[in-house]
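Here come two complexes built around subunit A, the first alongside subunit B, the second alongside subunit C.
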Partner chain A sequence: MIRNNDTISPYQLAIIIIMTVISVEAFSLAGDAASALGTDGWIAIVILGIINIFAVLFMIKLNSIFPGKTIAEYSQIIIGTIPGKILTSFFAVYLIIVIAYVTRAFTEVIKMFLLFRTPTEVIMLSLILVCTYIVRGGIECVARINELLFPILFIPFLIIILFGLPIMDFSNLRPVLQTPAGKVLTSIPRMIFSFGGIELALYYIGFMKEPKRAYKPLILSVLFLIFFFTMIIVFCIAAFGAKTITKIIWPLVSYIRLISLPGVFIDRLDGVILSLWVLTVFTTIVSTLFIASYSISKVAGTNENKQFVLPLVIIIYYLALQPVSIAELYEWGSIIFPYAVAAFIYAVPVVLLLIAKLRKLGVKQNESN
Partner chain B sequence: MKAINCLRAVAAMLCVMLLAGCWDKIEIEDRLFVLSIGIDSAEEAEHQISEDKYTLSFVSPVVDQIKEGPGPAFRTYKTVNRSVIMSLSQLLERFSKKQFFGHTRNIFFGEDIMKDEKLLKEILDGISRYHEFHNSMYAYIVPGRAEEVFKVKPMYDKLLAPYIAGIIENSDYTSKVIKLTFSDMIIMLENQKGGLVIPKLVPEKEEVKINGAGVLKDYKLIGYLDDQEAAVYNWLTNKAKGGTIEVVYNDISTVFRHYTFIRKIEMPKMEGGKIYLNYNIEAEGSIEEYMMGKEILDNVLLNKISREVEKKIEDESEKLIKKFRQEFKVDLIGAKDYLSKYQPKLYKTIENDYEKFFTDNIVIKVTAKVNIRRVGLIK
Partner chain C sequence: MGFFSKKKSGNVKKEKEMGKLINSRNLDENTRRLKERLKDCDDIVYKEFRVGEKQNLRFLLVYIDGMSSRDLLNVSVLNSLMVHAREVPPEATEPGDELFKLVRYGGLPASELADKDNLEDAVLAILIGDAVLFIDSTEKCIIIGAKGWPMRGVSEPNTEALIRGPRDGFTETFRINTALVRRRIRDSRLKLKQLSVGKRSFTDVGIMYIEDIAEPELLEEVFRRINTIDIDAIIESGYIEQLIEDNYLSPFPQISVTERPDEVAASLYEGRVAILVDNSPFALIVPTTLNSLFQSPEDYYDRWYVASILRFIRYMASILSLVLPASYIAVTSFHPGILPAKLVISMAAARQGIPFPVLIEAFIMEVTFELLREAGLRLPVPIGSAIGIVGGIVIGTAAVDAGIVSPIMVIIVAITAISSFSIPNYSLSVGFRMLRFSLMFLAGILGLYGIMLGVLLIASHLVKLKSFGIPYMSPYVSFVGSDYKDTVVRVPIFLMGKRPAQIARNRIRLKNNRNLINRLEQEGSDDKE
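Let's turn to the complex of A and B:
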């Protein structure tokens, strides 16, 4: 069978979503969770994950009304050409801001631990420019790079992180479930950004042959994310305690710095993990940049999206350099992302689905009529 | 076949990524590895300008002397400055090599630093903020000045830093040595709001000795534990592993060596505003020494000796608990830890006034259970 190079397999879809969601915020996740809920920090992630499984179901439902089409195309059918284009441009702007944020945040981490004397500009440009090369290759390229990097990242990471078991004290996770339910619920909006990225499923399902086959991979990928994030939070709290962890900017990096392998031939593992982590940030940028340029091409009404990629780099680079300090960067992040992510994961799919149902649009309805 | 090729590719890429060293382009010859740091508050006579607060001493190995050189295998030097990081950058003005702190094993705090809350807090912040320090280095308090440690010429070891770190790592075999890494120290200070038990290092002419521990409250040194009390502290905080306990039975001094030592806390009751806590201690091990000509392989005798050891553990523990409650007035023996983790609702009601509660209203009872499993090679 000769595969059309404009489609992705269900397995690739799952990997793309996992690799997009996991990026630089995994470093600070445990601290955010602990400062919101103390020792119960992981509960917020589990609840949020379960909510996101439902969100994903809505997205698949919406996409399966319009098989072979992405949100950039069917939103124009559902709410009309001009509002659809406006929605798509909002999406593109949001994704560009995400890329800029991730690039800058990661550059700060890299400058702190690895490349002290390399100028910020060089780190950023080399990161984004490599991404543009992949993105210009099209969806097949994006899917394959994600598929390729997934085992390279997670196998060593999971092995290394387990060597921290001797420094962990799991009684640090107690008291369990003592936070009042109201506080748990109000803390959830603060954590929404950690799952930011699954909204790209609205696009990527459109590249599949049969949207129906997206249920299993997408639910599995959300489950994987819940597992992964919970593991990070639990390990970090067990290693440091909920009080200390709120004082650390990147608890995951600090945790890895404490690990020493038995029979020490590599002592400092932060360098290894950070160089591996370049890959996950890289895949996040690749899959997001692809969708950003794709959205713009749909707004502009062109068939190809290649020509938009390089000009986008300039905008991303400019935006990434705007925050003066890491404090300002995080402040902007906490202002923009909770609302934007909530809008694109929860509000947009549900509203579009409702309108589509009310207007009785889509392939299925036509067939059954 | 496809899977094997895939694995090969992954393995190759892992090699490339994991084995690539030297990312900052500084050759190993150009680095000066600092193995230990000592921090004191600056004496009047040392001041270069009046704002100087700290004296930092460093020790680095002399690479070409380590193997068979006639000279000393390490070199010490010191700086006087206003802050830790300023002192570190001052070193760059004096040495051709770049100091590297990634392999620092020990950090010594002089007594005077530990007595001054402001000095201690500044220095802890500076060190935990600086990315190059490895947080698994060991921390010690030195009575007198920390720089004294660097004047020691160790008898059996070429290098000073691995020698001292090696003593700390013996804590698996003797409970009298308290093991405290820098990250443990930060975590404990954070959780206990400035309370800390830190091993005391006493420098002598040709060797050093870990002897007891310093006790901090509100970031200030308030007293010392002696050798035996340090062991009891390890028992009570569930940090003890191996170690020996000596009891006198029938005028014969008998040595019990424990391989496991487990402490569990439970709260049997709460009465009249008082909290009753039970520390249940369980130790397992063997008899190592008795008396030539007398048989010890006798169940009744062994049981009696176990009772003796249990009694000793209980007495010593209660003595130390009393010391913490009445002399230091700070709970570093795990009661607060237990209450906050396992009795969160109760703890919330007493959290604000815990210190007073600890000294007045907590009754701690220690119950030990000792199992002698073996008696060595002879009957």
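Let's turn to the complex of A and C:
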């Protein structure tokens, strides 16, 4: 009962992945989808989601060769100590950039809708510092905070978003399925970052007692994400139309702004939803920051990762301040992330799995039976 | 000479083994030693008396006046030894071990007897309130359980009054408290382990648990923590609570405190461990979760939907008492656009002419209210009501009339106050009070965003916190379906078939009898037809 602080349950794994993937990207997702495929924007997300289910299966397969180990540990077994450490440090650098990007993007949203005159630095630093407190608590605390915040975030959000039905016009969704298949496929790389965060499963499965039990929660969480993203895209396109939506930076916020709850004394809901959205950005940063510091501790060869958290904050803060404007920030994002996300979700697990199979590493099937 | 030296060396050996001074065989020597140890303790009674035909059997009865029951000593010691002994000629006419056995096993009609042979134990027994009988020419003395001091009767607990439920509450006497719990658990597996804590106070500390329900690791942890306590005196159970809690910096109580034996019994049935302390009517219950602090014993005595509604109100009240003033500050000073235009205008009109910013205004009112509450708590009841008048009329109305605070602020403070009174646990509501002020600061700096950051910090802290190895936020952070039956919604009792998974071992608690009842009903109606 007085357990070690190092395992998570399958249910917690699913929630961590959902809460990590959904972050500030959800605000601009509908605009990206509409600019890529017009009214068929949601198809790209569905296809991408199905691809990601297979990616997740590969990750679990890879992890179940080395039960109880994370990619930072078994990559050193598969491809050797030094290349493994290099891969892990690439991972850490990528995650740090993701945190900086998310922090900056969310700060811009907050500045636009909630705090007009507060300096960017104050908003950013307060957010990251609040995150470090829980990251220093270890894996179990990270898992528990995700589990605690999940219903607090989604129950009100799903209720509120359904009140937008009167402002939607579903004829905006037509024409359906008119995009040629080639265009759909070429648009997918542009949307890849919306599922960024799934690659953390490579680490989090390693914190479970039995990797075999990860199949159900992970597939369910990807299905939940497909449902959630599709719903946002469909609602936003239905409310604004595919043409208008490409001109709006954050269609989801604008959509929520239009909703009015009958008989409630809150007039504009975007402030409320944005405050709620702090929760999901918080969990994204927490799960990512924990893994970033964990990767660094594995590269450095230490057991604890607490001491790396605060130095990371300084780096993240510095990186997040680099883009001058939101346009520059999104430009940077569109250059870096499609390749990085594709590499870490698809390339790394598949290649590592192949090498592991070729070298016949890991727990032998016969022995475990 | 040889005989004496042998005996003496035997005694020395024994003393070395026990580290305590063995009694002398000589009564006068024992009396001298006792009086030396208990010098200047004028409340100690030394009653020396002689028994026997030749009046050669000497006895010494020692006890503390007021701590031992004089009736018991008169009847079962003095009367039986001095009066009844004359009616039956004793077989042991000479002082010695024979006499001791006679007295120990036949002469004293008292239910609680023990024999000791060293001074330390005798002195401790005297100080606890027992009486000690020394007999001439034997090393052993008899300890007579004669504790009997003025004690308060069992009465209704003031701090945890219920509408429905038993009216008995703990008292300051340890033995009464343990009996009150045992009366509710007639099971041989209910265990009571007694320890004595405090190097000077020797306070009785009892650890109660049900053997096959409580987790052994939890018990081990409780014993381990209590055994680490090295203190001169335990005055109240609060000492123990603060010495063994997990996180002393946390604003949240990690050990729950109750005056109600029914609550202790219910917790024991859930697999928790209760710690009872002498001289304190408050029992400690570990481990504690935030959810359990929102529960009241009444929730289980009332029907399920009544209980569920009350639980929901309590949760809402705690959230209100935490964030209401902060939200008001945030909305009025940062995001007036969230509210409908009419409300914004009326609020702005109410704030017209008020010289302070909202944050300062809110602080003035909240601090005033805290002062009123504290003053009302300390004053005797007749004057306490005067404080209410001063607070309600003078400060509330006068401050608004003088244009220092807006009427809306008074409403906000009043709602917050009422909400914080509806939290069933006192120390939890104090914790919320403290956090409310920090949230008000954050709201004044960063608006709604600041409140969310503050709430996230509190959530992070709660999630980190553990009470004796159990996550403080369970069951909300460890998904076990059956544990959710006793959270915000308290499901009908026949559905609560299992004990909490995080805490208890032997989880089956009851069998659903609904279908049995329904079937009987059906059969009954069939018979009629």
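Assorted remarks:
The rule is simple: the second predicted complex is superposed on the first by the 360 of 369 C-alpha atoms of A that agree within 3 Å, B and C clash if a C-alpha of one lies under 4 Å from a C-alpha of the other, contacts with A are read in each partner's own complex, and residues count from 1 in each chain.
Definition applied: a contact is a pair of C-beta atoms (placed from the backbone, for glycine too) under 8 Å apart; a residue touches a chain by one contact, two chains touch by 3 or more.
This structure is a prediction, so every number in the text was calculated from the model and none was measured.
Taken together in the superposed arrangement on subunit A, subunit B and subunit C clash. Legend: residue contacts after superposition of the two complexes on their common chain; A:175 is shown touching subunit B, with no touch to subunit C.
In the superposition on chain A, A:133 contacts subunit C only, with no contact to subunit B. Looking at the shared chain after the overlay, A:322 reaches neither subunit B nor subunit C. When the two structures are aligned on the shared chain, A:81 is found in touch with neither subunit B nor subunit C.
In the superposed model, A:258 lies in contact with subunit B only, and not with subunit C.
When both complexes are overlaid on chain A, the residue A:272 reaches subunit B and subunit C alike.
Once the two complexes are overlaid on the shared chain, A:241 sits against subunit B while remaining clear of subunit C.
Of the two partner chains placed around the shared chain by superposition, subunit C is the only one that A:141 touches, whereas subunit B remains out of contact. When the two structures are aligned on the shared chain, A:282 is found in touch with subunit C, with no touch to subunit B. Between subunit C and subunit B, the overlap after aligning on chain A sits in one stretch of 2-10, 326-334, 398-406 or 506-514, namely 326-334.
Of the residues of subunit A, those at positions 114-115, 266-268, 271-272, 275-276 touch subunit B in one of the two structures and subunit C in the other.
By the touch criterion given at the top, residues 10, 13-14, 17-18, 20, 23-24, 102-103, 131, 134-136, 183, 186-187, 190-191, 340-342, 344-345 of subunit B touch subunit A in their complex.
Touching subunit A in their complex are the following residues of subunit C: 215, 217-218, 221, 334-335, 337-341, 343, 446-453, 456-457, 459-464, 468-471, 473, 476-479, 502.
Subunit A contributes residues 1-3, 9, 11-12, 110, 114-115, 118, 122-123, 126-127, 130, 133-134, 137, 141, 143-145, 147-149, 265-268, 271-272, 274-276, 278-279, 282 to its touches with subunit C in the complex. Across the complex, subunit B is touched by residues 112-117, 151-152, 155-156, 171-172, 174-175, 178, 240-241, 243-244, 247, 254, 257-258, 260, 266-268, 271-272, 275-276 of subunit A.
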